[in-house]
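Look for chain A in each of the two complexes below; its partner is chain B in the first and chain C in the second.
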Partner chain A sequence: MRENTKLIVGMLSPTLIFLIFLLVAVGWAFYASFTDIMLIGPAAKSPQVIGLRNYERLFRDPFFYNSLVKSAIYTGSVVASQCALGLFLAVLMHHKGVKIKSAVAAAVTMSWIIPDIVKVYTWGAFVHYEGTLNSILRVVGVPPVRWLSEKPLGVSIIGNVWGGTAFSMILFLSALETVPPQFYEAAEVDGASSWQKFIAITLPLTAPVILIDLFLITIWTFGYFTFVYGLTGGGPGHATEIAPVFIYNESFRLYKIGYGAAISFIMTAMVAMACIGYLILLRRMERV
Partner chain B sequence: MRYSKTVAIHIPLIIVFLFALIPLTWLVLASVNPAASPAAKIPSRMTMENFGRTFSGRPLHWTLNSLLIAGSTATLVLFLSTMAAYPFSRVRFFGANILLYGLVFLRTVPVSSFMLPIYLIFIKLNLVNTYLSVILTLSVLNIPFALLLLKGFYDTIPTVFEEASWIDGCSRWKSIFRIVLPQCGPGLAVAWFMTFMFAWGEFLIPLILLRKIELMPLSVGIFTTYGEYGVVNYGLLSSMSLLYAIPPILMYILIQKNLVKGMVGYVKG
Partner chain C sequence: MSKKILVFSMAMLLVGALTVTGFAQKVISVQYGEPWKPIFESAIEEFEKTTGAKVDRMLIPYGVVFVEKMTLDLAAGAAGDVIMVDGSMIADTVEAGYIRELDGYVKDWADWDQYYPAFQAMGSYKGHAYGIVLETAANAILWYWKPNFEKAGIPMPWKPKDWDEVLETAERIKERVPGVEYPLYIPMGSKWGEGATCCGIYSQILGADTSAGDRNRLWNYTTEKWIGSSPAIERALNFYREIFFVRKLSPTDAMYAPDVWGEWRRLMREGKIGIGQGGSWEWAEFWPEAERPPEEERGELLAWAGLPGSGHPGTPPIQTISGGWTVAMNARVKDPDLAWEFLRILNSKERMAKWLGAAGKLSMRKDSAEVPEYAENEFLVEIGKLLPYSDYRDALAGYATVSRYVQQAMEKVAVDGLTAAEATEWYNNKLIEEFGKDKVETIK
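== the complex of A and B ==
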């Protein structure tokens, strides 16, 4: 027993020190959110405690509400599209006799697996005024559009669907493997249509995985900084300033780092609630 | 299957295939085009000129920075989580469950939630603009994934061999090195490579912590080059991006078959 205790302490403590460091950082930032600390200038050296003023300001800041609205539109659209498209692709690819399954899977996965900044750069060039998207549209007879200034949120959403759907697709493909084929065979004997099979068999049996997928991609998309920041920087104006980009811009472009910390805590609280919901879901499912 | 149904299944798949591939095709074509632009066209002259330039000056420097950061992070994380995962798999101890849920929680929270805490603590410690700050941060953020992955591997190894070795007078540490670790070689490799990949692709953490051009990794370097001096050098950027994407693509090809299994494990924790 004593040997066990020594073993646990010895093996865990280096990792625990790392995790405690992160907790200390979070605690320190929480303190900083009650000060007027700036990135540069006198308030960078000796910040003053200003109590709840950052938080008060937050709830009067129209750009904070703007970031919540943009985040809601962005996250909602991306999650709905990725989940629906991922499920659609997985169901199609699950059919017997689909020859191009691995080619489609590879192409979709490739645009997911490449580093974030490569996605940003490639997508940015694709929607560029002289880029591929406008060339394709010109062939169909649609006049070219300045996507990044006219439809910035739209191209950010579609870009994220392009670069992120693979996660849901792969998850659903693996979930479909677990559905016993006899169920479909029995339904076919009864003369069920594809749609009926989907509603009566596929959907109920993959529902837990769909729920997991929805939770995870909602959390990740809400907190996904790189794609939108790299593509638009939050602009033009504040048109694509989703929550993480808003935090970055306030802290590092406008130097209001104490204020940024306050926003960061509001955002993290929202994320944490979603994560706890996810953990509860996982626990429930293990019991089932 | 009826013919019409086969067609109905294939048409959307082909559309998605093209949608996924067209931007990537542009990237490949632009990387060998010395006069690349955002426009989609087959280059009139294909050269390796752009790639040549990525192997000198700043791009080379950034690549080395990325290798250093990702390699150190992966090694540190592997070292820490190889040890820390063992008690979770083999010993029942107080708080194990809470810690495990804490790790799943931490793995689920997006990096951007930690952007301000990380920046503020390293300002306080005077470690901004050091590789150490980035390596420490990326290690903390990647420990949960590696630890849970390795715990899963340990769980699959029967305890009888270890128990037999204890009876023969082997110490617990020795049994870990002689019996457990050799059996989970693939697990250790996957943990190292996956952590390498996460650290390799990370953008936000080095963006805030490394504010000097010579310290930047490739992600921030590519971002900084984009739009520098008002003119975008699409050829150079494309070849840099392509080289930068090679490790994850190789990784995907290597673990393709296990990806689905691995991801289900990832989600279930």
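== the complex of A and C ==
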């Protein structure tokens, strides 16, 4: 009994320490969201409690709505593309006849493991006006495009998909390993095509993993800051100012840390709602 | 007895050792950016040699947004004992309680009188000294790439007399030199940050109208209000609209590159810019140190012209703005005397003048003229002639926020295509929202 108590205390302590730090930070940010605290100027030294004014301002701020729209497009496109591409690559990797799968796996995984800031500069160089993408296009007779000013959100989305697909691929690959091969053999005996096997066997049996993948990438992409900020800073204008970039710009470039905290709480509530939706769906799926 | 003597001797030795060690281990932290590395490194070397103390170097490399990094470090209590503060942010930094007053030190420092009063003021707030200006410059001059001008058949030296001439010259480059991607490059937008204001639009605002009644500023020193709307602001925004949106003289992609400063310098040294508005320090900074050609060679490729006023009646023939970086002492410094000793060594006459001369930066000290390395630098002599046309930013609490809204107003015309009047109205509303109606005025 005594040994058990020691074990429980030992295992709980890191969790408790983590929770305390988290709660202090979250509690401070929550308090800050009701103040006019700034990073510079008199309000940095003596912030005043201003009640709900930050939240009222937020709902009147067109840049906030702009960031929501951009985040919805960005997150939706990244999540859908990354999941679809990850599944496609996993099926490809799982297939025994594909010879170049090691090379594909290495290339995809490499883009995932490189540090974010290296990813930003690599992708920035690739889509640069004088970069590799335009060089390839020139070879096939397409005039060069200024991607960062003409299609900034598009190149940010594709760049993020490029950098993140490996996660989905690895997740799906492990899910595919759990599908009994007899199912496919039986389907082949019945004359099922590859597509029919995918729809009737692969998809239903990997559905819970797909949902987990969607759940995780939604949370990560919605809060993912480095890539877009590094690539465009939210510009041109506000064309790529997704929610995390908007929060950063308000908090650290306009120095309004209180206002930034208010936006963060609203954003957190939105992500939480999306997560609850996923979890409900997952639970329903488990019951089926 | 002998045992007592032994114990006593050992105790004394221990105390002595601790004292020596304690002195030798005195440490101050110094935080500085990569462009200032040479002067800081040489000062650190001398400081360590003369005081025996150690310096913890906190270098902020190229590519990091210096002002944001420094502000966050100050807010988090993680900044160095000696730090750098942009002259325009002295007021906000003092109000936040981040930096320490230096009055007690500068009053006994003979060198302080060598600083021109305008530069003493740049590092001061409400009559008290907080920062020592390390460098200044003409923040906005028009650099041009001579081979492109030759190809376009534009006579040199080029001395535009108004904004129309600048635009027409850029149009000519666009027409005749297809390899030039940015016929007229001018810092714009929020990714450029304060650079878009201090190296970009503020010079245009100053040159857009007469200075009577502060018509050409962002702050009215008589009424003590921010200027939300004025013909000067509208004209300056319209100039940007012409460049980016109407005449397409500069694609916006370079304004949002991962490293905007690095990209602007690369484009210029590769001849992809026709005319580029930037600071006088670029004479050296356009090239990385390892690739920098000697001055004569640079002179064959690169030249500069003063930025003209708008051409409206009463506007100046040339307009520029001078900023400056100051070195200051963190309010949390544990050993202010030691930190001051570092500041004193860093800002010594010889070191300062030699570094400014080598870096192509202007001095704010009268006695720099006595140092040959500075006084004989032809580029600095020429740039120095712009100082009578130079003005300063409104270094007041709130300026950083105003500057940010100016940058967003630039994006409204350059990217979104709003008219200058619409963008000015947007800017005015943001200022009212920020400071209240009684703190913002309109100049007709």
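Definition applied: the second predicted complex is superposed on the first by the 256 of 288 C-alpha atoms of A that agree within 3 Å, B and C clash if a C-alpha of one lies under 4 Å from a C-alpha of the other, contacts with A are read in each partner's own complex, and residues count from 1 in each chain.
Just so it is clear, a contact is a pair of C-beta atoms (placed from the backbone, for glycine too) under 8 Å apart; a residue touches a chain by one contact, two chains touch by 3 or more.
If you're wondering where the values come from, they're calculated on a predicted model, not measured in any experiment.
Asks: When the two structures are laid over each other on chain A, do chain B and chain C clash or fit?
Replies: clash
Asks: Please work out whether A:L254 is in contact with chain B alone, chain C alone, both, or neither, and reply first, second, both or neither.
Replies: second
Asks: After lining up the shared chain so the two structures overlap, which partner does A:Y121 touch, if you call chain B first and chain C second: first, second, both or neither?
Replies: A:Y121 sits against chain B and chain C alike.
Asks: Applying the document's definition of touch, where does A:L216 land relative to chain B and chain C: first, second, both, or neither?
Replies: In the superposition, A:L216 touches chain B alone.
Asks: Looking at the overlay, what does A:K151 touch: chain B (first), chain C (second), both, or neither?
Replies: neither
Asks: Touch test for A:A32: chain B only (first), chain C only (second), both, or neither?
Replies: first
Asks: Does the superposition put A:G235 against chain B (first), chain C (second), both, or neither?
Replies: In the superposition, A:G235 touches chain C alone.
Asks: Specify the partner with more touching residues on chain A, choosing between chain B and chain C.
Replies: B
Asks: Should A:K197 be classified as contacting the first partner (chain B), the second (chain C), both, or neither?
Replies: Neither partner.
Asks: Quick check on the superposed pair: does A:R53 touch chain B, chain C, both, or neither? Answer first, second, both or neither.
Replies: A:R53 contacts neither chain B nor chain C.
Asks: Both chain B and chain C touch chain A; at which residues?
Replies: Dual-contact residues (chain A): 120-121, 124, 128-129, 230, 252, 257.
Asks: Touching chain A in the complex: which residues of chain B?
Replies: Result: residues 1, 5-6, 9-10, 12-14, 16-17, 19-24, 26-27, 30, 37-40, 80-81, 83-84, 86-87, 91, 93, 101-102, 104-106, 108-121, 124, 136, 139-140, 143, 147, 172-173, 200-201, 203-204, 208, 218-220, 222-223, 226, 234, 237-238, 241-242, 244-245, 248-249, 251-252, 259-261, 263-264, 267-269 of chain B touch chain A.
Asks: In their shared complex, at which residues does chain C touch chain A?
Replies: Going through chain C, the ones touching chain A are 68, 71-72, 75, 89, 92-93, 95-98, 181, 189-191, 193, 251-253, 255-258, 397-398, 400-401, 404, 411-412, 415-416, 433.
Asks: Over in the complex, which chain A residues touch chain C? Could you list them?
Replies: 38-42, 44-45, 57, 120-121, 124, 128-129, 146-150, 152, 230-239, 249, 252-255, 257
Asks: Using the touch rule from the top, collect the residues of chain A that touch chain B in their complex.
Replies: 3-4, 7-8, 10-12, 14-16, 18-19, 21-22, 24-26, 28-29, 32, 37, 85, 88-89, 92-93, 95-98, 100, 103-104, 107-111, 113-118, 120-126, 128-132, 135-136, 162, 167, 170-171, 173-174, 177, 194, 212, 216, 219-220, 222-226, 230, 244, 247-248, 251-252, 257, 260-261, 264, 267-268, 271-272, 275-276, 278-279, 282
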